[in-house]
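In the two assemblies presented below, chain A is common to both, partnered first by chain B and then by chain C.
And now, the complex of A and B:
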């Protein structure tokens, strides 16, 4: 793979999608306001849950805020990259414009996963990081090299799991044409990621760890921040992320063999 | 000797198609127990195309023209048979193969809707690994050939269909491919825009010796661009050869409208043994076979007092229309 070419293409993707979005100034402004209100609303909701005894599943409000911060960062990434691109796959397949992507001398997964960008998602990512730094202060977390490495690894793995899950569902469009509902269900499950995994019943914990690994996405990185994590969990997250990423890639290449293009 | 650039042997393609009975009951049945059947849309076809040729694919809607084109460019996997395009198996979509081809579809677009076409051109240039200087040079050359200038800087959504199609062409040709697959490129364009597009394709073919495979329902596209046509009927090739031979075979007679000086001359001509289509006062229309047209006209001009005459070719659409509904043409 020619990395220099891919970087050049990605620079063009950034440029064209930013230019496209900036054509609609009001839309960006509304998106920015929505991101702020959504974060305020989420923190308010979280504070209500913690009002009675101050603990949920063994987590204090200040600790649970870390999960909220990581969720906000991931949601920002979802809104910046995943949502504008991966929902577009459905459109590409229904309307047959995937033809143009497949006939370009570039990796089709790279093209359809990164072509667009929603700049208003950046604010959400920024707000997430601000909240995270605030949480680090109030929870008196000691920042050192191993902490930075582990937190970067776990957050990167979370992004990979989230992307793979979404991409996997979008790929099934090649057979089922409309899979919008499945993506909506996935998004609804992601909301659960705002709460500590321990706050759910045993059966739900198993469900969110094994079948839809929401638990890996927010809880494990948060545990790293609080020094509660154990090595096997981090290793497990790395393994899950790698398996998911490879499987989604293989699944895409397999699915393309069944692509029949839309009729003209 | 000119080499074959496309080789197709015993190619077939089947699709799984689901069918639904009408009405609510049919909808429920379709939802719970979907019945699918395998439909063979391309049936054991073989043909070759030489480098630099412009070949038109003719056929009724659903005959399989677009499916053939999509298999040739590697979008669809063939079910049986083999395809070799420029030495590559198309469905493997190797980088060097993709750099050699392009697909233009009249009803689909790749330009970024909210931005001027120039942005899409530079994006494509980066995908094809062209540097900025080279991209600029090619955009300038192609925009001159396509006669577009200011349109390059106007958002695509504000361009007319004709301007958009020209920009689509430029975006699709920026990497200077030597095989062009065009699926109804003039669809929806007005007469002038159609003519300009045809003119451009002719020039592009002449200057670059690019091979062009074209489908179109506008007969003018086929007659002015293609010397050779491949007619597809229900997934099979019904004719593969020169267009003029096909036309001669399909329309062996010409209609000649003769204006006589007097009505008496017209009556005399009517009774002289020619095949008369109709006669109105001193105007008479007769049918003459192509091979005897010169001798027949000589006889008429020598023996009758003629004021004027017109030789009419049968409308091309009508002639080609016959191809679309027949299974085989042996010429």
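And now, the complex of A and C:
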């Protein structure tokens, strides 16, 4: 695998997709307002939950805001990379253009996962970071080296898990052709990531940490921010992330064996 | 529609967010502070799920695709407003969705047997009417947004923007009763609480102002319909097909 070649190709991807997206400038503005409103809406919802209670699932309001911030960052990443690219797989398979992707002298997973970019997601990521810095201040978190490494490890693991989930669902398109709705199901499950895991009942907690590891995506990084996290949880997240990445890769290669174009 | 059974089943599953919200509410005893019992809250969220299933609208996405692909031109020649076509599609899909929604409700009652209730016939009919009115309001709003396609091409991002207040203010995630007073003072003047909160309260047998709610729903339809008519005639004048 030639890393320099891939970097060069990625630069070209960035250039072309940014150029085409910037054609719709008002769209980007509308998307920014949408991101802000949806953040305001979920803080409003949280404030309803907390209006007569000091704690929810053992989390204070200020602490739960960290989860919102991390969710916003991850959602921004989803909107920037995963959503525009992985919904494209559905199109590739329906219209038969996956053949062209497979013929290219480049890794097919790399191509379909990073081809496009949606710049309005960047604004959402920045919004999430702003909220995160605000939360670090109101929760009086001390920033030191070990905190920074741990939080960046957990957040990158969350990104890997999130990517693998999206990629898994999109790969099933090879058999089912239309998976728009499966993506909607994933979206509605991911919505759970906005709330601390402990606020759900025991059975749902098990479901969201074993079957769909949404618990790992936002709750564990937030615990790291609050200094509540224990080492085994972080290690577990790293293991889950690696397992997900490897299996999603294997699954893609496996699924490609079942892909047949119109004349084959 | 029956060709895509799995799709529709998945659609039905993707609407289960109200149940997750219910889980947060009851698991943390949040409902005590707003004087709603566990049972009536779980009924409320089940009804919210049902109302949402039968009032969800996606006309803007279909219309955007059709107008970008140039499929609108042949529709315009036909002596029928193309939105009737989408309207019929929506109705057909709602009927197909009904059995799946029933299955989900069945599972819900297995986990929450104490919340089983049978609404009386009059209430049931009224809530079907109000759900349909809520569907009409949303259909009109989205059709108006869809007509913006004639000007901007990508109207779906405006729809996503409008979806945010719908999500948070309609009562899908939290009943409107629980909202703080500074929101309650103006929210009943907007169309949002009549989309989910009002029909869901009606169906679940909670206290609600029936005649007031229905009047507001009809009022909004009368307000939105002329607006849609106007934007449609303006838009079709603006519309240029390939080659013209």
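What we mean here is this: the second predicted complex is superposed on the first by the 261 of 264 C-alpha atoms of A that agree within 3 Å, B and C clash if a C-alpha of one lies under 4 Å from a C-alpha of the other, contacts with A are read in each partner's own complex, and residues count from 1 in each chain.
Note that a residue touches a chain if its C-beta (ideal position, glycine included) is under 8 Å from a C-beta of that chain, and two chains touch if they have at least 3 such contacts.
Every value quoted in this text rests on a predicted model; they were computed, and no experiment measured them.
*Asks:* More residues of chain A are touched by which partner: chain B or chain C?
*Replies:* Of chain B and chain C, the partner in contact with more residues of chain A is C.
*Asks:* What is the contact status of A:5 with respect to chain B (first) and chain C (second): first, second, both, or neither?
*Replies:* After superposition on chain A, A:5 lies in contact with chain B alone.
*Asks:* Now for A:34: first (chain B), second (chain C), both, or neither, which partner does it touch?
*Replies:* second
*Asks:* Which partner chains sit in contact with A:44 here, chain B, chain C, both or neither? Use first/second/both/neither.
*Replies:* Once the two structures are laid over each other on A, A:44 reaches chain C alone.
*Asks:* If we overlay the two complexes on their shared chain A, which of chain B and chain C does A:142 touch? Say first, second, both or neither.
*Replies:* Neither partner.
*Asks:* Check whether A:199 is in contact with chain B, with chain C, with both or with neither, and answer first, second, both or neither.
*Replies:* second
*Asks:* Could you pull out which residues of chain A sit against chain B in one structure and against chain C in the other?
*Replies:* 24
*Asks:* In the complex of these two chains, what residues of chain A are touching chain C?
*Replies:* Its residues touching chain C are 24, 26-27, 30-31, 33-34, 37-38, 41-42, 44-45, 47-49, 51-53, 56-57, 176, 178, 180-182, 184-185, 187-188, 191-192, 195, 199-201, 204.
*Asks:* What does chain B use to touch chain A in their complex?
*Replies:* Touch list, chain B to chain A: 15, 66, 70, 73-77, 93, 95-96, 98-99, 101-103, 105, 107-110, 112-115, 119-120, 122-124, 126-129, 155, 183-184.
*Asks:* Under the definition above, what is the set of chain A residues touching chain B in their complex?
*Replies:* Chain A reaches chain B through residues 2, 5, 8-9, 11-13, 15-16, 19-20, 23-24, 95-97, 99-100, 102-106, 257, 259-261, 263-264.
*Asks:* Which part of chain C faces chain A closely enough to touch in the complex?
*Replies:* Touching chain A: residues 4, 6-8, 10-11, 13-17, 20, 23-24, 26-30, 33-34, 152-154, 157-158, 160-161, 164-165, 167-168, 173-174, 178-180, 183 of chain C.
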